[in-house]
Each structure stands twice: as C-alpha cells, then as structure tokens.
Amino acid sequence: METSRKLIRKQSLEKLYNQLSATRKVYAPVIADDKQVEFKYNPGFAEVTFEHIRSTLSVKNIAFPKVENLFLYSNGKTESTITDIDLNKIPEVVLWGSHPCDNAAFDALRSIFEWDIKDEFFSKRMEKLVVIGLSCHLSDAYCFCTSVGLAPNSSKGSDILLSPLHNGDYQADILTEKGASIVNSFSELFESTSGEEVVLTTVKQKFDHEKVTSKLNGAFEHPFWVENSLRCIGCGACAYVCPTCACFDIQDETRGKNGKRYRSWDSCGFSMFTLHTSGHNPRNVQSARWRQRIMHKFSYMPDRNQSLGCVGCGRCSSGCPVDMNIAEQLEALQNI
Amino acid sequence: MSENIYKPYLMEIEQIVEETPDVRTFRLKFKNTAEAEKFSFKAGQFGEYSVLGEGESTFCVASPPTRNGYIECTFRKAGRVTKGLANLEVGDTVGFRGPYGNTFPIEEWEGKNLLYIAGGIALPPMRCVIWNTIDLREKYKDITIVYGARSVSDLVYKHELKDWAERPDIKLITTVDPGGQTPDWKGEVGFVPMVLEKAAPSSENAIAILCGPPVMIKFTMPVLKKLGFLDKDIYTTLENRMKCGFGKCGRCNVGKVFVCKDGPVFSYEQILALPEEY
Amino acid sequence: MARIGVFVCHCGENISATVDCGKVAETIGKLKHVAYSTDYKYMCSDPGQTIIKDAIKEHNLTGVVVSACSPRMHEPTFRKACAEGGLNPFLCEMANLREHCSWVHEKNDLTTEKAIDIVRSQVEKVKLNSALQPIKVPVTRTALVIGGGIAGIQSALDIANCGHKVVMVERSPSIGGHMSQLSETFPTLDCSQCILTPRMVEVAQHPNITLYTYAEIESVEGFIGNFKVKIRKKAKSLDEKICTGCGLCTTKCPQKKIPNEFEQGMGMRPAIYIPFPQAVPNRPVIDREHCTYYIKGKCKVCEIVCPTKAIRFDQPDEILELEIGAIVVSTGFDIKHADFFPEYGYGKYKDIIDGLQFERLASASGPTTGAILRPSDGQVPKNIVFIACAGSRDPAKGIAYCSKICCMYTAKHAMLYKHKVHEGKAHVFYMDIRSGGKNYDEFVRRAIEEDHVNYIRGRVSTIYERDGKLIVKGVDTLLGAQPVEIVADMVVLATAGIASSGAEELAQKLHVSYDSHKFFAEAHPKLKPVETNTAGIFLAGACQNPKDIPDTVSQASGAAVKVAALFSQSELTREPLVAAVNRSGPPMYSTCVGCFLCQSVCPYQAIEREDFKTRDGKIIKTVAKINEGLCQGCGTCVALCRSKSIDLQGYSNNQVYAEVVALLNEY
Amino acid sequence: MSDFEPKVVAFVCNWCTYAGADLTGTSRIKYASNVKIIRFPCTGRIDFMLLLKAFANGADGIIVSGCHPNDCHYTSGNFHAKRRWIMFKELMDFMGVDMNRITFSWVSAAEGAKWADVVNTTVTRLREMGPYVSYRDLVNKSVEEEVKNE
Amino acid sequence: MNNLIARAKELLENKIVQVIVGYEAGPTGVARPAFITNPAKADLLIYDERCVQNLAVYLTKPEVRNLGKMAIVATLPVMRSIMMLISEQQIFADNIIVLGVSSDGSLLDIADIKVMQAYIEKSDLGNPVKDRALLVELNKLSKEERFAYWQKELSKCIKCYACRQACPLCYCTRCTVEVNQPQWIPVQSNTHGNMEWHILRAMHLAGRCISCGECGRACPVGIPCHLLTMQLADEVHNYFKVYAGTSEKMSSVLSTFEPNDKESFII
C-alpha cells in the first residue's frame, strides 16, 4: 500500500493511547521500580516512557513468548488424547513505542518461523499484532542499527512509525493497512504534517554487514573464535535479550493424567544445547558456540532466510556480564 | 483451524519386537485412517516420536515406504524419552511427527550394485532403504549387506538377518567383534572394516551406504577408498540433536547445513565439505 | 515395558477392617501400566504367595507392589516369592497399608483414599526399579589382628582355629599386653600369667598364625575382603633366626638404667632386652633410642658376647605388604598417667602409685617378687589408701565415662594387700561401687567383710606429706560429708583407662571412626558393638572402651566369629542397594565433576577416585567412584551431589521424585 | 476452614521414624490420616528439592523425621541432614516460605506415641493455618504466566 | 597498576606463565576480563574500581586452561574462590600464580597459598557493605512481604543462567537443571520454576558462597539473586562460625558436621 505521513499532537497522542488501551491490549514501555525499562500491558499513559534507549528485554515475546503451549494432552490407561491450543483466542495487541530495531526484528523472526514450513503460533500472533513504533532520539555506545542496514527511524516492521518533532508533537508514518485502519478509526486525532523537523539520534556505523557476511564464509576455522570468546562464560543472557534469537526447546510437563507440550526459549550458548545422548557434543567448547551465534546471525540466516539475524539493538552487549561486545567483534571480523 | 506443525499423529503400537535387551522395534499404526491415507514418506526420512509426558525423540523411519499402513521404529533405551518408549506395551499410544528430511536417492541408484555397511544400532536407519531396494529388487544389481555388532546379542533384526541370509539375491555378511561370538555363531568374527576388506566387494558401478559409530566410519572409509569407491558414491546419515525437525529450533545445523532439512542423508562428498560440527 | 501387578492384602481383617481393599485394588487397576490388580485375605500365606507367583507368569509382570504390612516385616518374604515367580526380587515393592494406615486410622473414605495414594506411589516407584543382582566381592581369607594383648590373642586363636590364616601385629617386642603385667585376676584371684602365657605360646606356635612383634601398621588401603596392608617391622637389630634367646647380651649390656616399661617404671632394663621372662617371642631387641652404640657410635658389647653372632646393628626397618580380608583391632588401652592429678601429689611423692604399678608390686614376677613394699624406702606399708575413680567420671577432667574395671581391681588390690600384709590397714575411697558381673559383687563384699577393707564413700580432695607419711584428706559422704583424714604409707590411684597411644593415627589409617576420647567407635552401640563403620574391620577389647578380661575375651571371640563368617565363603554377597556414580562415554566419562565433597560425608569411606587417562597416561578427568564393597546405601552423598551424578539403587532420584508426585496427584 | 483437611507428606528414614511409625501401628495409636509417608534409607538421603516438589504438587505441610542425633543407623546421616535443614530453613525463611508448614523431628523406633503426636500436632496446626494458598497461587499463576499473551 | 603491568610482563617474558587473566577496558569504557598471552599486550591490563567481575570463573574454563599456566589478577573474592576451587579439587595451587590486588588497587605480594591464606584471614570476610544493608532491609520485612518481594523479583528471571555461569563455584559440567530424569527444575521460565531454581542454586552454594556478588551483578534483568547466597553466607557464619574460602583444606559446611550443631526447630 501507499504509505502516508501525518502529524499527531502530543495531546492527541495521549488520547490515541487511552482510546486504544481502553479497547484492546496495548504493550507499552515503562520504567520499572528498579529503573529497568520493561514493556507492560496497558500501563497508564503517564507511566509510558518515550525517553528510553532500549528495554532490558526485547519485545519478541509478543510474537514468540518465552514459553508457549503447543498442545495439551491427556493420558488414559492406554488411550491418549491431544487438545489443540485455540490460536483464535490470541488477542489483538498493539505494540506501542517500540523502537525501529525491535520492530525490524519481527521480520527477522518471520524469516525463521515462516521459512519453509509456516509456524502458525508465530504467524497468528503476528497477524494479531499492530506495531506503533517510535523512532529514536536517544542512543548509546551499544547501538549499531546503522551497521546492519537500519536507522533510528527505519520503518521496517512498524505499522505506524512515530517520530518525535522538535515541538513535542509526533510525525506519524502510516506504513501498512493495519496502521491505516487504526489511523482511520481515530482520524480526528491525526492532522496534516507541519514541516517541523524530526528529532533523531545519530548512530555511528561500526561495520559493513555485507562485508562481514562475505568474510564469514570460510572463517569457520579462524583462530578469531577462540581468541575472542575466552571471556564468554556461556550464559544465555545474550540470546534471551536478543530480539531475533529464535532457538527453542520443546518439553513436556505432566501433572497427573494431564499435561502440556510447550516450547520455551533456548540458547545456542548453553553447553548442553547440542549434546547427544551418547555424550558426544558437536559444539563442545564455548568458542564453537560463540561462532554459531555470530555465524547464524550474519552468515547462515542471510544465506538461507534472506534476512540478517541482527538489528543492532545492542542488548546482547549491554546485557552481557562480561562485555562480549558483538559490534566490536563484527568490526574486527570484517577485517580478518 | 490451521495446521499445528508441532502436533503429532497418534499411533497405536501394533507389535513390539525385543531386538536386544535394550533395543526394541515398534510397529505403529495410525489411529486416524484419514491421516494414514494422507501420509507418505521416502527412504531415509525421519520423524519425531513422542511419549506424551516424556517428550520427543528423533529416529529414522525403519520400515520401507513400500510397506503401507504402518511405520516402524527401532530405538535403544538411553534417555528420558526412549526409557518412556521402553515402558510402553502393545495397544499404547505413541505420537509421531514427520516425515522430515531428505531421502536416499534410490532412483539414481537404479541399475547399480548396492553395498550396505552398518554397525550396531546404526542398522535401523538403513533398514528402511535396504528393504526399499529389496522390495524393488529388479531395479538394482547386486545387493550386499555387511553388518557388524559388538556381540551376537547386540545384533538387531535377527529374524530378518536370517531371511536375508537365505535369499539368493542378497549377499549378507554378519560379523561380531572378537569375543562377542557365541559357540554356534556362524558369521564372521572381526571388526567391520576388516571384514569388509576381506570381502572386497567391487566398487564398479556401485554405491556404498555406510552407517555406524564414528570409530567404525573412521576405519571403514579408507577401506572403501581402497576398494575404489568415489566420495560421491558413498552415502551416510548424520544424526545431530534436534527438537523441531523442520529448521527452526536451531540445534542441528552443521555450519550452514540443517541436518533436519538438508539431511539426514549425505554423500561423503557433501560431508567432506561440511565444517567439523557433527 | 512396564506391566505392574498389585496385590492388596486384607491381613485377615487387620487391613480390611478400615480400608476397602477391593476398592483399592479396583482403583489401582485402572492406572496406566498396571496389568493386574487383586486383593486377597492373606497375601503372605502360601496361597497368597502363589497368587503373586502365578500372576507374574501369567501377566508377564515387570514389577510387583504388595500392599500389605510394613516392608520391615515382610519385604524379604515377598521379594523371595517374586524371585520364585521368576521376577527379579528387587522389582518388588511394598505399600504399607497396615502399620501406616489401617491400624492407625478410623474406618472411613479418607483412610481408603490414603491407602490408594500409598499404593499409587509405590506403583510409580516400582516402574522405575531396576533388576539388581547381589554384589559379589572376593574375599582374601587372611585376617589381620592388630595388637597382641589378650583380645588379639583370643581373636587370633579363634580365627586360626577356624582354619583361616591370621597375621598378628604387635608394636612392643612381646605379645601379652596389659594382662601379662597383672598379678592376679578378679574375681577368682588366679594368676594372670598362668592363664595367659599358654595362650601366648599357642599363638607363637599356631601353624595358621604369623606373628610380627615390634611392628606397626604403616598403611591400610582397600576394602572388606581386599585390604592391602603395609606393616613396618621395626628393626630389632638382630637376626631372629640365629638368636637362641640365651639372654647373655641382656646381662652384659652396659646400659642398664632404662626404666622398664613392663614394670611400669618400677624397675630398670638394659638397652638390649627381653621385656619379661615369659615374653613371646623370647628374643631380645635393641632399644636404639637408649643403646650406647646408636647414641655414641661405639660399644657393641652385645655383638661381642653373642654366641651365635646374631646382632645386626645395620638392620633396617622392613616394610611388608600383605593382602588381608578382615581386620581385628585389639590395640587395648592405657591408663591415665597419675601426674594428671597434681592435687594428689603424684610425682612429688614416690609412694603414690597407679593401679598397674601396684599390679607389678603384687606380682610374683615383679620388681619385689610379690612383696608389697613402698617405692620410697622399701618398707611394708602399714596403712594403704586406694582411690577409685581417679579421673574417671570426672567431666571437669575431661573424662566423663566410667573406666569400668577400677572398682573391681581396687577391691582386688585391697584384698591382695590384706593377704600379704595381714596387719595392714586398707582404705578405699570410692564414688559408687560398680560390681555388676558374675561373682563380682560377692568379691567386693568379701574384701569388705572378710578382709575388712575400709570402704569410704567419698572423694579425696588432697594428699600431702607430713613427717614421711601421706596425709589423705577426703570426705565420707555416708557420714554426712564428714571430713576424713587418713595417715597413709602408700596411696594407689585407680587412674582412668584411656585410649592407647597412637589410637587416633591408627584409626585414621584404617578409616575407622573414633570417639572424642580416641576410643574406636563401634558401628552401632547396641546391635553392632563388634563392627566398625568400615566393613571388614572389627573391634576387640579395650580399644573400644575400658573393659575387663571376660568382656574383652567375649568380644574378641565375637570379632573372630564375624571374621570367620566373612571367611566362610570365597565371595561376599551384599545387597545391591548401594550408590553409584554415573558413567558415560568419552569425552565426558561421567557428569561427576570431581569436587569430592561426597567423600567427606561418606561414613564408610566408600568413595574412591577414578582417573580417566589418555593412551599416554595423561589424566583427562578424575571422578568419584563408589566402592560397592563398602557402601552401605545411606544415600547422604546422593542428596549432597550438586550435579546429581550419584544415585542410589532402590531409592533413586527418579524413584523418590515419582513417589512424591504420585502421593499428591491423581492419575 | 473447619472441614479443611491438609495434605501432608512425611519424609522419614527407614531405621528410626519409619520403624517408629510401624510401632504406632502395632500399638494401634490413632492419628490423622492426612499424612502419607515416604521411606528413605536415611535422613541424609532426603534432597531438599523433594520438599519443594511436595509443595509444588499441592502439599499443605511436610514432616521430615529421622533418628535422634547419635542414633543414625549410618552414624552421621542425620547430622548432615540437620545442617542441611538449618540452611534450608534459613533460606526458606528469607524467601518468605512458611516454615511453620514443615515439621522437623527426631522420632526413634521406640517412639510410636511420639510419631502419632508429631503427626497430630502438625495436622492440627495445618488445619488452623488452612491450605497453603500463597504457594499454590504461585504455582498456578506460574502455569498461567506462559499464556498471558492469549 | 604499573606494578601489575610490570609483573605481568615479567611473568610472560620469563615464560613463568602463558597467560595473564586480568582486566582490560572495553570499547564502551566498561572493564572486562582480558587474557594476555603476549607480553607486549600487558599494557592493556587495568585495575580500578570498574573491575568487578570475579575472574576465578575462568580458572575452570577449558579453553582458558588450554592456554597453559596462568597468573590471575585476584581481589579478595577471587582469592577466596581460588581457595574454594583448590579445596574442591578443581584446580591445583601449583598451576596458578596469584596477582593479588588490594581494595585500593595496589599489587600484593602473594608468594604462595599460605601468604594468601594469611591475607584472607586478616580481611573482612562478611558480605559487602551495600549488600549487608539490603539484607537488613529485607530481613525487617514480614514473611508475607518477603514472599511477595521474591515472587516479584523472580518473575523477571528468564533462566539465562548468567548467575550460574558467572559464579566461580558453579563449575559443574552438568547442572541439576540439565537433569531430566527426573526434571528437577522445569525447563521453562515461570515464577515458581524460577524460584525453585534460585533455591537450588542458593542451597548448592550454602557454605561455599564467598560473597563476591557476581551472580546478582551478572543478572541481565537485575534480580538481586546474590542476596540469597549472601544471606546463607551470613547464616553459615552465625551457626557454624566459618567463612567459606579461607583455607585450601576446608570442607564446606554441608559436607561436614559437628555432633553438637545447634538448632531450635527440630522436635
């Protein structure tokens, strides 16, 4: 569809939020007691932050929850029955105020979940999701969206993208049908653009991702991996805060006769991730696991899923207990 | 309602064969006949077998697509799921998702000699293709099967080995490791590579299919090369750990290659191109 | 495959009076994997057991739950029945519906529901049971007896007479122990040496007994049936094979001023010496600590005088390595040295002696050839005071226990004194008279009534010298704590019996536990008084706590029977309910990470180290390994293991977890 | 709460408390039927995780019991257990888990009457305390957490 | 710091060690673990108040061990971790050189394990001051409030196990959470399962925690999970009068006992 651009005044924005949150689930960022930025369902508008650089966790759980039931089962003496999850019950959710990197991540996730066989759990959640993104007027040393083909105001993945204007109002880019339908339902709140400048942060480009991708071909055996992963302690923090990491585990949990099969987030950084029952482990050292993480995002995914597996949000690096800085490593990688 | 790709077919255990003290073969029948009719698979493909409450485990379909109405799987009691499977009885329910993965290119092999080499519990993933080609016997020339196990009691499919041995159109060589033989053992005694070298099947117009523990593969490959087999004419299967079976969960890849999608069947030529991550 | 059979017993009406057994069987029968479920009046009766055996065959059962009485009652019965039915006995579990349910609750639905819950949890457990085989451990049928006192002698002879080999190790130059020092023994007053020395000789001559005197335990490794013991044979400095024991050397030795240990310091001995005339073996040793040659580098008188040229000054200590199947520890006791009692002036006053010194005085072979003469001037004491409980039962002195033998030997001492010094006066200060034992109290009464020993119930507060006499001040509590003062010529302290010196080191070498007084600890104070916590190591005599000769000999024979029972078969069979550390293929080998915290919780030293090495011998990983011969199956290591690498057969993590879940959830 | 019957799981050692409970039975001393016993060889074998699992599976209370100090069949298992329970109790207290719901006791094989008493006092206390709602809520809420997007 | 660099250079140049485990400054200015194998790169080493990670975690990491003999920049918690690791037989005292640094950043002369022990013994071994204050606050709350507090905190846990991986004493190659027979800890993250995990972790560190606080610091979602182990470290001291990691021969309190251990809750 043809995209369009409107203006929404600060007061109207509040009205829009309130009206949306009165009728549906709105997932918006707030600053929690412990100063961490987290997304919450339907917080009051006053609570919603427009001043955050990044939330601690990404918003991927809206489409790929950390735990998701795949089906329920019941075991009788010999008979077993399976009950499907009613995906139609998945509610419509408005994701509010998420930044362009996080919104672009939905495309990366889609490239995995809808590649080859379509994962209905993901697709259904995406179908019910409307993203009202917010361009970034703040950034920090961990941000590197510009290195992965994005920008503080990338519209990728957003249905509507709000960008702050100097006077405190917002420019609204209406990017999809879903976005348009929201704007249409609240058309009284939107005005024509005024020509006011948007306030955007600048994020310095640290590396050229295409160059990285091409370097990674044939870099499998490079000593780089061992040298640069010595510090890595093998936790799953980077994968769990990452907006595009999609690895998961499938488990059963039974109580009495009944139980559920669910999937939950997993991380390729864990030492047991690829362990065979025999005791053999194809990725038996941390360097192999670190390599997998970078390779997957910058080589395998572009190759197979036609999507980069990174949106430059910087969470993995800011959240890493030992400062495994991915941008730094990618910068180094493009020059090996 | 759209398709839930994680939902298994419910299968009923129709028959159980105790192959060895800890290896069993299940014959599974679809509970839902509509599902049975829709279902088809090819030699080499695998599936996710589940015990509801214990989880899923990945094995190849061990029966050939030429036998309709059921699938078979053979597993060794090792982890939580296989222990759960081992607790089941005829009539109990097993979940099955699949088929997944690629297949043995048996159409390409038509008109060729086939040499199957398997060790221990690696015969099951090969049994499907063996039977498949035997069932289409006239399309292939000589079929030779070399199968070794640690001891006589570790040999699986004992009754089928007997059938194969009796068939004039199949050459079967069975062997057990030194010390693993029983007094009435009539097969060879020795490790698979040595037995293979002794038998020295011709590589002329031949395909070799090789499955077994890493140490067996390691010592059998040079023998095959010596016999003149080309890398592209040797096939094997990889069995990396996987959860989903269709390229999403992120476990099974060897470099760029997804074992669940691009495998499990690989030619040795392909294997050589892979990074060492299997 | 899991095909479980459940057998609900009515126990007559013991269970069925409050539990609806039919309903239990029916409800349980609906559970997954339960192939057969029934109830019957008496499961333990022959017909009841037949039901189980038949069902095992008919339904091809893989597990059995007998829901009846306490497993502490009938578990062996039903395990045996299962075995007879063709099922591994360890695939049988019991649900305790009687002691833990029907007998303690009223008849109502809740009671039946509880019964169902109990049975269900056992069904879930038994599904996870493994078919276990008894553990077989080979047994080396040679016993080691450490200590050659009466305890060791008795044990060694009893074991040897059962036809088994015995190695006896004694650290002093002769066997015999404290008993050989005694004069006469209570309550019969027969001569100690007369009854002991024949036994000593028998030990020396017994074809099944190898005796090493002047030897000590260097190290002990291994486990029941399979100990590897290193013995240090200290150099005697002579060739025992050549020495005839003529004793010439001992008479010619110029160094003669060494306090004689056998005489409790009341006599002197030379540097080359035979401890006492009846010593076994009757060969001298050179005490290198006091020998002039070893101190000054010259002398060699003994070498010169020796008619057979048996002296070997350069003889080294010898280390022997022996394979041993069982060990009897009989290292005996010491007595608390009397300098422990400064208030009694021991050491200051020569005429205050301890009980063992009195034994030597009274002994016909002693320094005074049996005459009671006071050490200071050799005079016969006219007034003698015996003080019982010198140190014993005195928590303030750190010895809270009763030394058990003192009451009796004090009475004996008083009697012996009276028999030798008819006109003398004997006084005994005591706290209580403990004379339990056959003819013991009669013996004490005799001392009081026939020999007129003056028993004073009370403690002595102080002893001091006045005009060459010992003034003993105490109280008589029977006279209302009236002060008593006795002017004595001699005082004998019945000092506390304490652990033998070196007991702690030996216990550590043996990996046997010991109490705070360094006495060896028995495995169970009532039911395993002879065993230690380390399987295959037994206790005899006063190394466990002070005890008299009859008790010592009884226990020694008890220990011998334990050894003989162990040696009755070439293999030891043990219940396989033991712990195991998991194993897997390389490169992991085991999930055990080798922190060995389990080692410190194991009461049985059953946790060993196992190294996995590369072909060239480099250690890749060291992990814990359970010695099945030693593990008793307490499972403390299992609960401690952080990586869950240890599990316990019969009470595995999987099993107990399933029990908890099944008790609380309906299926 | 009057008709509330708490679910109680007892973790006991084989040699003392299990035998003691047998004696309660042979002595025909009645006690509340709420308690179900799980037998362990020794208190040293009892993993603290099992206690958590009992609460997770709906127990309202727990009894842990073994041999008196110095009476352990294995000499020291109960001493190790004691230290473990000291730590466990302090941690649970710190996390706000209600330790009044767990009774720790030493009951010997001769103390049949004490066992009945331990059970009855525990059950009476738990009846007064009511079901362990806060823990059950925690468990149930956790089950719902994963579907909160629905 | 200059002393540290000089010493590091000397050790590497003289091939006494093959690697220095220390700190360097990352591109965003935070300090982070560094592995210096080349004496020329020793200048990268820093030591200041930013250097907070407990480096002892690398002593058991296979790929770091493969580098050869190491020297490690060691603050008090690192030294105590080293003591624990030696006592639990994970490392050998002979294989490491301790470059002790005092709280003011000066290089200590830790010649051997005895010197280190003496240094540890004269140090304040209680929990860090700021955590003590937090513990006091929490202990003031009612039971119900504490239950609510931990529920709220632990609901944030995503089971990334950074707390475990950052802890030098969580060196197991297979953690209990990776055991699935039985499944002690649910794989998924939910408040109850998360709580079970944190109880398990704290219990496994009871008597072993050396109060470095690394678990809480590593947590990407800010759960103060170090307070759990620190509370137990306090209790261990209250009950048993010991601090973990003060001697190479020490056995943890849960693997030892005294017959007269006092408690007041067992009837």
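Going in written order, the chains are labelled A, B, C, D and E, and every chain counts its residues from 1.
In this text, a contact is a pair of C-beta atoms (placed from the backbone, for glycine too) under 8 Å apart; a residue touches a chain by one contact, two chains touch by 3 or more.
Keep in mind it's a predicted model, so treat the numbers as computed, not measured.
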Inset, instruction - Could you work out how many touching-chain steps separate chain A from chain E at minimum? - result: 1
Inset, instruction - Compute the shortest path length in steps from chain A to chain C over the network of touching chains. - result: 1
Inset, instruction - List every chain that touches both chain A and chain D. - result: C, E
Legend entry - Maximum centroid distance from chain B, chain identifier (CA atoms): C
Legend entry - Between A-B and B-C, the pair joined by more C-beta contacts: A-B
Legend entry - Cα-centroid distance, chain C relative to chain D, in whole angstrom: 36
Inset, instruction - Quick one: report the Å distance separating chain D from chain E, using the average Cα coordinate of each chain. - result: 33
Legend entry - Interchain centroid distance [CA atoms averaged], chain B/chain E, Å: 48
Legend entry - Interchain centroid distance [CA atoms averaged], chain C/chain E, Å: 43
Inset, instruction - For chain E, jot down the residues that touch at least 2 other chains. - result: 173-174, 176, 181, 184, 188, 190, 254-256
Inset, instruction - Any chance you could list the residues of chain D touching two or more other chains? - result: 48, 57, 76, 80, 84, 145-146
Inset, instruction - Any chance you could list the residues of chain A touching two or more other chains? - result: 66-67, 75, 78, 249, 251, 255, 262, 278, 280
Legend entry - Of chain C, residues touching chain B in the complex: 1-3, 33, 127
Legend entry - Touch list for chain C against partner chain A, complex: 30-32, 584-588, 665-667
Legend entry - Contact set on chain E toward chain D in their complex: 138-139, 141, 143-151, 155, 176, 184, 188, 190-193, 195-196, 199-200, 202-203, 206-207, 228, 231-232, 235-236, 239-240, 253-259, 261, 263, 265-267
Legend entry - chain A-touching residues of chain E, taken from the complex the two chains share: 26-35, 53, 57-58, 61-64, 67, 158-162, 164-166, 173-174, 178, 183, 186-190, 214, 217-218, 220-222
Inset, instruction - Would you pull the chain A residues touching chain E in the complex into a rising list? - result: 34, 36, 56-57, 66-67, 140-142, 226, 229-231, 233-237, 239-241, 249, 251, 253, 262, 264-265, 267, 270-272, 285-287, 317, 319-323, 325, 327-328
